[in-house]
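Here it is: the structure, laid out below.
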Amino acid sequence: MTDTNTNMRLKLPITCFILEIILIILFGVLVEYDKETDAKKWHHSNHSEYDNDFYYRYPSFQDVHVMIFIGFGFLMTFLQRYGFSSVGFNFLIAALALQWATLMQGFFHGMQGGKIHVGVESMINADFCTGSVLISFGAVLGKTSPVQLLVMAVFEVTLFAVNEFILLSLLGTRDAGGSMTIHTFGAYFGLMVARVLYRPELDKSKHKNSSVYHSDMFAMIGTLYLWMFWPSFNSAITAHGDDQHRTALNTYYSLAACTLSTYAMSALTADDGKLDMVHIQNAALAGGVAAGTAGEMMLTPFGSMIVGFLAGIISVLGYKYLSPILESKLKIQDTCGVHNLHGMPGVMGAIVGAVTASLATKEIYGDGLKDVFPMVAPDGRSASSQGGIQAISLAVTLGMALVGGLLVGFIMKLPIYGAPSDASCFEDSIYWEVSSKKLLETSKLCICPQSSY
Amino acid sequence: MTDTNTNMRLKLPITCFILEIILIILFGVLVEYDKETDAKKWHHSNHSEYDNDFYYRYPSFQDVHVMIFIGFGFLMTFLQRYGFSSVGFNFLIAALALQWATLMQGFFHGMQGGKIHVGVESMINADFCTGSVLISFGAVLGKTSPVQLLVMAVFEVTLFAVNEFILLSLLGTRDAGGSMTIHTFGAYFGLMVARVLYRPELDKSKHKNSSVYHSDMFAMIGTLYLWMFWPSFNSAITAHGDDQHRTALNTYYSLAACTLSTYAMSALTADDGKLDMVHIQNAALAGGVAAGTAGEMMLTPFGSMIVGFLAGIISVLGYKYLSPILESKLKIQDTCGVHNLHGMPGVMGAIVGAVTASLATKEIYGDGLKDVFPMVAPDGRSASSQGGIQAISLAVTLGMALVGGLLVGFIMKLPIYGAPSDASCFEDSIYWEVSSKKLLETSKLCICPQSSY
Amino acid sequence: MTDTNTNMRLKLPITCFILEIILIILFGVLVEYDKETDAKKWHHSNHSEYDNDFYYRYPSFQDVHVMIFIGFGFLMTFLQRYGFSSVGFNFLIAALALQWATLMQGFFHGMQGGKIHVGVESMINADFCTGSVLISFGAVLGKTSPVQLLVMAVFEVTLFAVNEFILLSLLGTRDAGGSMTIHTFGAYFGLMVARVLYRPELDKSKHKNSSVYHSDMFAMIGTLYLWMFWPSFNSAITAHGDDQHRTALNTYYSLAACTLSTYAMSALTADDGKLDMVHIQNAALAGGVAAGTAGEMMLTPFGSMIVGFLAGIISVLGYKYLSPILESKLKIQDTCGVHNLHGMPGVMGAIVGAVTASLATKEIYGDGLKDVFPMVAPDGRSASSQGGIQAISLAVTLGMALVGGLLVGFIMKLPIYGAPSDASCFEDSIYWEVSSKKLLETSKLCICPQSSY
């Protein structure tokens, strides 16, 4: 099953070593501890050890970290013969992306004295950027070599950082949970890459582009970790205090409502009324995406539930009816259906955020207004301006994602990465040592008259 | 394998949509942010952002959340062909229950200005109530339709909230980890429901009411998350400071001792001395249940270990000898053996709590007495009164659970929910899309002469 | 498959009951709550409830706890027919070890008024000691009875506590993440035990000393939890404030770089360039081990990345080339390859720590110097002395581990524990109830002409 050109014996080491050595050199030149992590700087000021930002951000960081490595990694193990690659390539890309993102985001967030400062906040932001890359991975899952993915990560992280800078620093947009910067960007970038990498004969691998019983069980591990920790994700970099607290709570309610509507729609759209694991694994998470932007706002629990409720419906309808159309009409082979979980709900989240922002008033937010909308003030920007800028930001993000995905897609299309053939997609044994005994080919099991062993 | 009447195409969507829409409306009318989550209220007072209760309760909340969705969900995946339903219905019921519990508990905890206030404390309390429903689910696991479970959840959450109100608010009982309010209540409620829903021909599904190798591995994920995070569970809503700290530590020691006695009893009660996964998965957790009430008290590490040690013994004896008797004599078909993990250890926990409370003195607790026993004071209630009230509370809980379970059981017995037939229990393909290729029927695998593929 | 002498029906209960009862008695006599957990002591002082150490250590504790039970437990489930024992014996040993370690470490850390005081710090330290035992378990995985493991744990915990006391209290060595006390000690102790318990005919079980597809997937759960939470592990007992923050960050970067070099080396050392799951599961973690000692120092992100990068290379080379030599030449049958993940990287971590310590200056650390190096001061010890002492500590640790492993190995060699025969190693059904239908013998599945069921 191995083409010589999928042999990773030189391609992968060369790529990994070059990237890591460049990263090490750049870190050596550019990166320093920030004032919360540097022994001298921290002890120079007069404060309690308990005031270190570690205690107020690290628990959220760990939840985000688990979402990146376990959540995304295992959610994608639904593919029956691609589990090693799903978890393993997720692991590899994320390890690279978080380092490169530290540099890219550090550069754009503003270097001090020519240095990038790192601490738990930069760790969270790097994981956020990584999430976006993993979303794009989901669109092309099963159809690339690991080297292609590393190349995609390098470019995508850069574009993510540029888009994030434009939105958050230049436009003063608010997007705490990344409905735009992470989900919309990652989804449409990935979909465009998938379009460029369209495989006309992917049907040859069709029988492997599905789950088996226990791979669905592994995927549920991923689903549940994403679902449970999304409140931490959306609140991880909001302002301390009520902001973090409210964001976590809004997200929690959005997801709960989303789960109910997902189960309802999954049964409703099936002729025999049976639940589809694909919906439960994915669409039940749409509420987290859709609450990303507005999560830190005074969305109210009621508002959050409506958002989640609608997100679940949209997502299931996408999985059921839209994805097949995207494939047949637009030639977008979206393995994980990222358009239904991150794309449409991301856009929805942006819209919800724009509307909620435009309705912000001092009456509602009191003195908490500046924490959520630093730019909105009597002598500053009006709430409706903020809402308008939120909407413009969605357009900017879509543009960056689609154009970026197009360009990077063509870079990834170069026949130099050891990509699998159309007949060898969704197959671990191309890139992983999987002895013949090891791989459980459930589709070839049979009923034999005698049933003992 | 599909009866028309198990077709969920209308039943499930209708139930989910109606419930969620009602919840959304009620939240819109009744629910507000509390003073820790509301931007205006929080910023109105003069305090540090770091004083927000988010930082002192949210990490515990996340641990509880993981126990609810991963712990309970995966523990019940031991059933070889019911993994989708175990994890999936657990997910659905919990998403509903936590929303409904927010309203029910909010109503009983005291509305302010006609509003229910939400924050991380209400989130924890809602997850606690949800835990009780999932315990009852364990008793009827494999034998119900998802609609029955949603109906059960609606009623059980209400009864839970009433019982919790009687115990905590009216009687002034202490039950931080819910040995009574959660475990005793959930177990006996579920057992009574199981009794009402007794299936005389359940033997037709007997071959599916067991585990296979990898389903036992999935279940161990659930077991270990429950075990590890139980200290957070028991301490999640105790008073800040030493109370949370002590409760976590007591629970940790109780579980460690319980594990040792569980392994001992499991080998001892087997003719061939082999360990039984059922015991390891379940009985090893009994120490957490039994330390629920007394966990916040000055139980001492030594006392905690004795509690856990005994709980493990009782639990294994229950699994080995009592459950078969409950089934044959009392017609209680308790799928998960909740009587052995939540029922008896819950009662034990209540008794331990009553005894420990009656021994509370100012000498032992110093000025910390009022944190643990607000009602006990020289001019208030005596410690032995508190002990007596603790014991009465156990009786109240048992009464509520048994009567409530009886009534709700009959509501669930109505033939309108699409319940499976006796021959179709413990079977995912009734309610889930599980293609024939997907389901690994290990019992039908064979040894064939040629062994290559 | 059951020899009468592997029958655990009396051996295991007797061992567990005796150990647990002794522990309970000793706890009753010796153990008290510390000032953070005792109601009276805590309330005697005048401080905010939010100052309780619970809030500043417990989240790290929970991450460490997950590493012990899920991380180690599931990492070892790669063995195709030993999953129950891997997770289950890990669970049992850990539950014993953390209790015994509490006493041993409490004794050596200094009793106050003849009492050992417990709180979250002692809980973390006990889990650290337990980690060392589990590392040794990895070396002998599949080849012992549970009783042997409990005996090993009792002795190893004692020796660990002695070594830790010599290093940290007598020599004033710094080893926050235990590169020496935990990893070097645990690995070389375990390797020596494995040497003493050498099985000349282990080839009879060779076919079971490997993974299958889904067991590798379970193992990845373990790998990822260890990887993600290692920052918490290394920072769990460092000084509050910048120290914890910096240690977590250094570890995070070390692991990211390690992952890249691991993937590179895994492909490079394979003729067909295919990634080996053994490397990904284990070697990708070496960066955490190697950053254990120096993690709290001003290692810099750049320095951390170099450390991790090299650790990954060394680890893969070990798995690929050194382990077979250790087995054939030195008769060390190291099931999990702990020498490659904990042994060599542990030594590396000690060396890195020694070098980094010797370079410590007031210019670099400012007033934070005393937090990291309490002994280093103008009128105290010099930095190069500290570095020298760090190096000496490595030698002390190796000595303790090798001599201790030799002695304990011979104690474990006594034919009284019900150990499996050479042909019955790596086999769950010796000690666990695993019905014939349950065990999925993938190696005996076949391709049958008709493929429907």
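We call the chains A, B and C, going by the order they appear; numbering starts again at 1 in every chain.
Here is the rule we use: a contact is a pair of C-beta atoms (placed from the backbone, for glycine too) under 8 Å apart; a residue touches a chain by one contact, two chains touch by 3 or more.
All of these numbers come straight from a predicted model, not from anything done at the bench.
S.K.: Rotation angle, chain B onto chain C: superpose the C-alpha atoms of these two copies and give the value as a multiple of 5 degrees.
M.R.: With C-alpha atoms aligned, the rotation comes to 120 degrees.
S.K.: If more than half of the interface residue numbers appear on both sides, call it same; otherwise different. Which is it for chain A and chain C?
M.R.: Since fewer than half of the residue numbers are used by both chains, the interface counts as different.
S.K.: Need the CA-centroid distance for the pair chain A / chain C, whole Å please.
M.R.: Those two chain centres are 32 Å apart.
S.K.: Counting only residues that touch at least 2 other chains, which ones in chain C make the list?
M.R.: 55, 59, 214, 221, 443-448, 452-453
S.K.: Under the touch definition given earlier, write down the residues of chain C that touch chain B in their complex.
M.R.: Residue list for chain C touching chain B: 2, 7-13, 15-17, 19-20, 23-24, 27-28, 31-33, 36-44, 49-50, 52-55, 58-59, 62, 65-66, 69-70, 73-74, 77, 83-84, 87-88, 91-92, 95-96, 98-99, 118-120, 123, 146, 214, 218, 221, 429, 431-434, 437-440, 443-448, 452-453.
S.K.: Can you check the complex and tell me which residues of chain B touch chain C?
M.R.: Contact set of chain B toward chain C: 51, 55-56, 59, 63, 210-214, 216-217, 220-221, 224-225, 227-229, 232, 239-246, 248-249, 252-253, 255-257, 259-261, 263-265, 267-268, 270-277, 280, 284, 298, 300-302, 305-306, 309, 363-369, 371-372, 436, 441-453.
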